[in-house]
């Protein structure tokens, strides 16, 4: 699809906005509709769009599969790590109140961090799924069909 | 220190050692363990108990009284004889199994509660079967499997009975149970014990299993399993009328099979059932004399039946055959074995001055005292029959009949076998000549004198006429010919049609389940097809779709539950 | 209390039955995945519709107010999780299917069974 | 930190999974996995002891008190199951080093351990949580991880089995979810204790009955209760050895745990067995299943498949015992949960040793292995004896309590079924033993060495546990009794 100029141009126009919107949804998540899950999906969608236009190989140069795998792990670690930190600080697991001097500030910080973790994890898992399917060698058509 | 360690301890430790030690050391262990165990039993005093807490119950894995002491001596003696006899065996499976088997038999007789008894009972089954399997022939594997299944059944029935008894009466004690009250558990326990005691119909494991065991294995087998069952009967069911009848049948019916059977070890198997018949009658009569007789006969039977199995084992070991039709003329080649066999035959036939005479007389005298004349007659017939097949047939066909097959390469049995046989023969004669040694051990004080004129005369006459009959039948050619054949016993019923049914049941369960699944799918599919036309006309429903069939089951179960619940509300 | 008043329930039931039916009837593993998706979607609608409070607003609360004015947010949250579960199931299922196709050259259950399980 | 144990048990496993992904180096990942499972096991044991001495532990996640927040709650039963699951994981860990190296592609080893840890997370979380929706989520986490693990088997049939498992498991999970939905509609709460408090007043409604039916059927599917067992034989037979052993010992056990929770904690014994006629159906269904599956097991020619069918039969026992609804029955069921985990774990591990050395687990291929792999064969022998219920093994303890419990109810028919089925167990176990010891090795078979020590040691640890718990039942039945008391007392 790389020679479809229209697609490439529109894609180049759209993708930055998609990613930015993803970040917005991510950041907005702790006091309005939004959050890590949605944001992650949006960011992944942007990258998948890139993959559709420029091919999987190009996308994998931008975001290598190794990185995706690691980021998925990091996302989960951020999430669980916040919980462990609150534990260490004397609260319950995921008791954000312990994160800051006042509980409500703590809640903000905690939710933000956790949503960040979720966002990273979701985006990278989505991308990983895309890679997993898209980078398979095409199967000789209709093996089972007659 | 000795007393703190339950009676089966030495044998069990021996079994464990035999598991890890090299071959010769294992053989030494299997001789030393029974000796130590015997000494240990000898220093035990009546009334000693070992208790442990298990499953929230107070268990008594060891309890000493006169009856258990007697069997304790007996089993250690048998284990010693067996170990000497199998000294040359370098098969770890057999060595471990034999010692474990002896240990669990001792465990049963010293068990103070039904649960410990059951545990030892099951271990006996598991260990003993290896003595059959260890022969490693196709026939022995099949026989072993049938053996272990019946023994397992015996254990299960016993367990069910024990549990029910515990639930209903709250007791686990090993003591008189009796079937007079018609309790289900009493019948269950009796059935469990009965299978092990080779009651008619359930006896097939014996006549099937023992002849297929290894030469040495049969010696071990003959000593323990059935005697343990007799012990439990004597403990729990003394004086049960039913046993008199059962015992009489057991004493009589094997005679016919024994006469026509060709495999001499199977003949011994049948004669074993017949001897147990005497013991069961004794237990069933239940007077002191009768129980004494039964127990004493069990004691003697271990010795002389062991001796006979040893001699046949020696023949098998040397020639590789036990078919009466393919033996003969061995007396010249194996004189010592032949002599021992004759001693055993004389003992089992209750010749005066041989061990069987005293104990058999006790049982028969008790039968007369309690006015069981018919039973007495049956026993008389059985004695004659025993002499016929065990007393004459076995030595004759093995050693004295004209040789059917060349005996050139035959040599006398190995030294350890000869020693074991000699010792057993010596004991047979000792207890025949000096029955007082045995009397001292019996559970009840006894004043019975076997060697009075009537008993000796009656028995001698009987034996003479029986011998005459054999001679006459041989002479006139009327005696059933020794031909290698298979005689159908009741086990045919469950071995041939039963096994077929079993296989059929197995395959048909899956098939039926498949049909049901398919069927419910069919019905559902037929309805849906009419509605949707979404799938093709042919072949769609004929196939098995496992994934889908679970969904159908889900639907069935869900609607079933819903119907049930809605019906409630 | 007419039948139509429970239109959401009917939608759920129809979707659920359609999903299950597909799982049962189709030979194709791929279509089974689709059926499963449909089946799970019906459950999501079931939860969401039970959270509805007639005439209420979305539960975005800025100042303390009467809870009865807002729809119940909890089922939505729950379903967010359920959707994730559903997506993950679909992804795993499709992933396995791709490999089944590589191994067998087909995703039709009866053909696979004939290939491998009946032998 | 003690009061954080309920959450730490779960989170340690959860943190472990991404760490495995990040580390990548197979040996290091294995070390990490071992360290994590062992520390979890230690925590679970501590937790169990704590619960035994001080009563149930409750833990509000995020500091939000229930019913608003999600609560973790561990009582004796929960602690017991946590111990079983984490203990099995700890036992499997050293075993997996060699086995996984052989059976799983080296590039995927780190993913394998990560997924295994996720499965563990799911199982542990499901056991620890006190919130029924949370239980669903963890159930699905463990199931999803399990589908992946099964699909990693070397045989291509593993893929098909995994897919079937996925379809059936998803339907089961969704049914469970529907049941939860109905409960929520009825009561407006998801906390199990809260549900238990509110539900009795609504128990006469159809909504509750429907919820109960959906929950029961959904869990029966996850539990592989006959006749909803079809996913299990394939999944267990074609999965990698480590996975078979781990799943057989834990997955269905945890589903059974959840069933007990729903029956006894949420609905309560009086309701589940009084108002709704479970008592009438489940014992009979369970035992009939046990009988039929034992019969099928007798005819199997694949060792793993045989054991899988036997597992279904044993699940039948557990369900039967527990659904008697009496204290004795519940004790027997929970005790058997534990004992069966040990015996099946031991057997599957031993079979894995065979697979490791000869690459096949068909009965004909294992002929005469008794002499060539004596320790492995002996492990199968003892484990099999336990499965049969031979005295002096854990299996006997189970059988004893099971039969006693049923006898106390006067159900003679069921006792006969159990005894028949256990006779069938003798048949199939002895068949294996026969092949191992009494047949001659196939001619021309390659020489076989005994399995490596790192695989034998865990196997024998479980085998010895079978013997140990056949003699000393304080650790198994003692705890099970307390757990049963806890369930019946509602909420001690």
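Order as written gives the chain letters A, B, C and D; numbering starts at 1 within each chain.
Here, contacts are C-beta pairs under 8 Å (C-beta built on N, C-alpha and C of every residue); 3 or more make two chains touch, one makes a residue touch a chain.
Just so it is clear, the model here is predicted, and its values are computed rather than measured.
J.: Taking each chain's centre as the mean of its CA atoms, which one is farthest from the centre of chain C?
T.: That would be chain B.
J.: Roughly how far is chain B from chain C, going centre to centre by Cα mean, in whole Å?
T.: 64
J.: Take the average of all CA coordinates in chain A, do the same for chain B, and state the distance between these two points in whole angstrom.
T.: Between these chains, centre-to-centre, one finds 74 Å.
J.: Using mean C-alpha positions as chain centres, tell me how far chain A is from chain C in Å, no decimals.
T.: Once rounded, the distance between the two centres reads 23 Å.
J.: Distance between chain A and chain D based on Cα centroids, please, to the nearest Å.
T.: 35
J.: Quick check: what residues of chain B touch more than one other chain, meaning two or more?
T.: Expected reply: 546-547, 551.
J.: Enumerate the residues of chain C that touch no fewer than two other chains.
T.: 20, 23, 32, 104
J.: With chains as vertices joined when they touch, what's the shape: line, ring, star, complete or other?
T.: Other.
J.: Under the stated touch criterion, can you name all the chain pairs that qualify?
T.: A-C, A-D, B-C, B-D, C-D
J.: Which positions of chain A touch chain D when the two form their complex?
T.: Residue list for chain A touching chain D: 69-70, 72-77, 80-81, 83-84, 87, 91-97.
J.: Quick one: which bits of chain D touch chain B in the complex? Just the residue numbers, please.
T.: 164, 167-168, 171, 175, 204-206, 209-210, 212-214, 216-217, 220-221, 227-228, 230-231, 275-277, 280-281, 292, 295-296, 298-299, 385, 390-392, 396-397, 399-401, 403-404, 407-408, 415, 419, 422-423, 426-427, 430, 434, 437-438, 471, 473, 477
J.: Report the residues of chain B in contact with chain C in the complex, numbered from low to high.
T.: Contacts found on chain B: 521, 524-525, 528, 534-535, 543-548, 551-552, 555.
J.: Help me check something: in the complex, which residues belonging to chain D touch chain C?
T.: That would be residues 133, 137, 140, 144, 147-148, 151, 156-157, 159-160, 162-163, 166-167, 170-171, 173-174, 177-178, 181, 184-185 of chain D.
J.: Which part of chain C faces chain D closely enough to touch in the complex?
T.: Per the touch definition, chain C meets chain D at residues 20, 23, 29, 32-33, 36, 39-40, 43, 46-47, 50, 75, 78, 81-82, 85, 88-89, 92-93, 96-97, 99-100, 103-104, 112, 116-117.
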